[in-house]
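To start, the structure itself, in structure tokens.
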């Protein structure tokens, strides 16, 4: 049906210098993790009573969830709205999402004070808690993601491992439900993640605190989905020396004009409606961070992808995608770290070395596992020039 | 130019959305009718730190580095932390006595035991909950240590035992829950030598506070901190000087959980929104899949 | 027969004498301990402190000036002080909580003379009941704290503290700190201290430091420990000692 080649393992050389560097980061992160579990949170982190959430929640969890949005947004486009030409990017996006969410869960496990009690929300429910809703959704969605991924693994090893093949067949049967469920769960917790801060109106800086926070988080997650695919495909094709997939990415970015446009409109409109634009030029770290987030991360890339020239050029498109991804990362960091300004705080939060090492280690591990997966599993559609038009 | 107008118009759309997502009327307070509380009279407090000591004894907290009799600690602006549920700080707001000496005002700080506590609304497992007797109670057996309560608390009260590796707890004033259940008074209120802390029903305390302010308007400012703050708290304060001069946080009058709970309820009551979204997307998918199959069939026929 | 008696007498004497000596020795112990000696007036003061008067529910509303005038007109004054001192040790307070401090010995007579016989300084209101005295005890009106029926009336402990401390502050006379009026209620060390039967001096120091570690460290930072050099200014000590704990003391722990 599709004129694209089927996805297959890249089988390129694995132990490149880049991978070695990643392994170094992973080892360093592992040492920092040991410090956290042996010495406790107080020993490894710079968290205080005023700043109970730090880098691990801001980056590993909140940003991780946002950047894994490629999984549900491409699935929705290709499988629900019938955009079959984009099927080639659903598998890598799914892999990224599955890995990303796995490390969101691990990040939560590392960050909470009583990791051994992480199962408790399954039995003790608090229905007024936004965090409870997010936790349940993330947990379910993580399961859904891996179930969606099972057929891919089964394609390769289903013959050898009977159970995997069996699971793969079952998963394929209910795939329609899984895909739709995945999108619904994503909508729920992407918005819920923004809702987390609604309960702290005195602590979150007015530039970010708005009743629309859940909506803004949802819109930004939807609009970062395709740019994230563009970004990671750019990195992957470069690193794995594959053919460029501009024939898919170019058209894909057209959706981003609309999606990012809506996000931008709501965000700026909300700012002017609430009159918080008065804070924009007061020179504090918060307002500068906001200017950076919206200027470099939303408005500039949106203007860039408006031009067809950008959408045709591989480098320019990659730049625009990277800017959008950066803008969303900064947005999550702003909401959870920089914009979080409790009225009584003797000194601002700055992550400790161990916190940075753990986060860097997680990012390296995700990249490492991604490389392992695309090397041995049919994820990427490596194409030759004869097939791609 | 074109762009600006478009942004502006979309902005109007956003404001309409903002209006729709505003606090729903459906939100109902879950506060107990007439809980127990305490009225702290800052005009009476002498800063003897006996409440800190009693609190430490009653709750079996670790012995502090500095003795409770060391009153120099009053001038260090402390906050309740993992080792102390309550602390007393000394302020010099500028009033002087007849010898031109600054008159100190002592401020006891502890959990306010909100009527609609943000921490209890936020808590992922319900480890924190508002009890009928007025206490905001912490059940450590449910806690996973996510610290969302600390993010949520507008008074910045809950502290965390960051130094503990395996079993850290959220540390905050218990309002002596167990003692209250036994019919006793909170440790601090019982020890206070000058009854700067009055213990009783919240309604009675509010009336008492109003009477004190009315009977001695020169001694008190006309503000009961906690009457309206965060939608009302079980602990109340009256003071001889405006509260913002005494390190009190300016907390808005609405209950903190109102907005998030309203939105949450609007979207998730009976899970209607997720179910509707699921149905809609599944419908679209089925339609598209059927169309594709038909096209594929036609393609095969050709 | 007689000899038998004499023998028995001798035996009894030999047996009884040591114990008798022991008994008499106890009786002539020259240092009176806390338990063995209580002044008679203190016994009486304790008895008075133990009385809890019936709670006065109704009081006559009077301004302080009016009250002072009333008392002057009725001739209530210094001559009405029955007891020169009283022990503020009411069971109303006692029952409530643990004690950090000993009860206060309040010099009633001294205080009334300091305020020139103005009883209204403390006896600020009187019961409505005409049968009762103009100057009832504090504990007649102020009893348990946080009485929900009379929320505005403070308890006895707070009444004492507010009355004493406010007046001391206003008159710039008298202590306003805890230890100015109370003596510390130190726990009985007889049961806390655990020493072996024949302790060496350093055993004793070690036992003190077992609980008072911080005080031990403070001591090491004080002149008592750090002092070195001559001691020419020591009172009634003519011999110059060129030493100090910090230099060549032997009994270092």
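General remarks:
Each chain gets a letter, A, B and C, in the order it is written, and its residues are counted from 1.
The rule is short, and it goes like this: contacts are C-beta pairs under 8 Å (C-beta built on N, C-alpha and C of every residue); 3 or more make two chains touch, one makes a residue touch a chain.
Please read these numbers as outputs of a predicted model, since none were measured by experiment.
Shown here, the protein chains touch in a chain-like sequence that does not close on itself. No other pair of chains has as many C-beta pairs in contact as A-B. Chain geometry summary: the mean Cα position of chain A and that of chain C are 70 Å apart. Chain geometry summary: the mean Cα position of chain A and that of chain B are 32 Å apart.
The mean-CA centres of chain B and chain C are about 43 angstrom from one another, to the nearest whole unit. Across the assembly, chain A contributes no residue that touches 2 or more other chains. Across the interface of their complex, chain C is touched by residues 44, 46, 48, 50, 53-54, 57, 69, 185, 189-195, 198-201, 204-205, 207-208, 211 of chain B. In the complex of the two chains, the chain B residues touching chain A come out as 3, 6-8, 10-15, 17-18, 21-23, 79, 81-82, 118, 120-127, 142-148, 150-152, 154, 156, 158-168, 247, 249-252, 256-257, 259-261, 263-264, 267-268, 274, 277-278, 281-282, 284-286, 288-289, 291-292, 296. Chain A meets chain B in the complex at residues 1, 37-43, 45, 47-50, 52-53, 76, 79-82, 84, 108, 111-118, 120-121, 124-126, 128-133, 135, 176-177, 179-181, 183-184, 187-188, 191, 195-203, 210-212, 214-215, 261-262, 264-270, 272-274, 303, 340, 342-344. Interface residues of chain C, counted against chain B in their complex, comprise 96-98, 100, 145-146, 148, 151-152, 154-155, 157-158, 161-162, 165, 176, 178.
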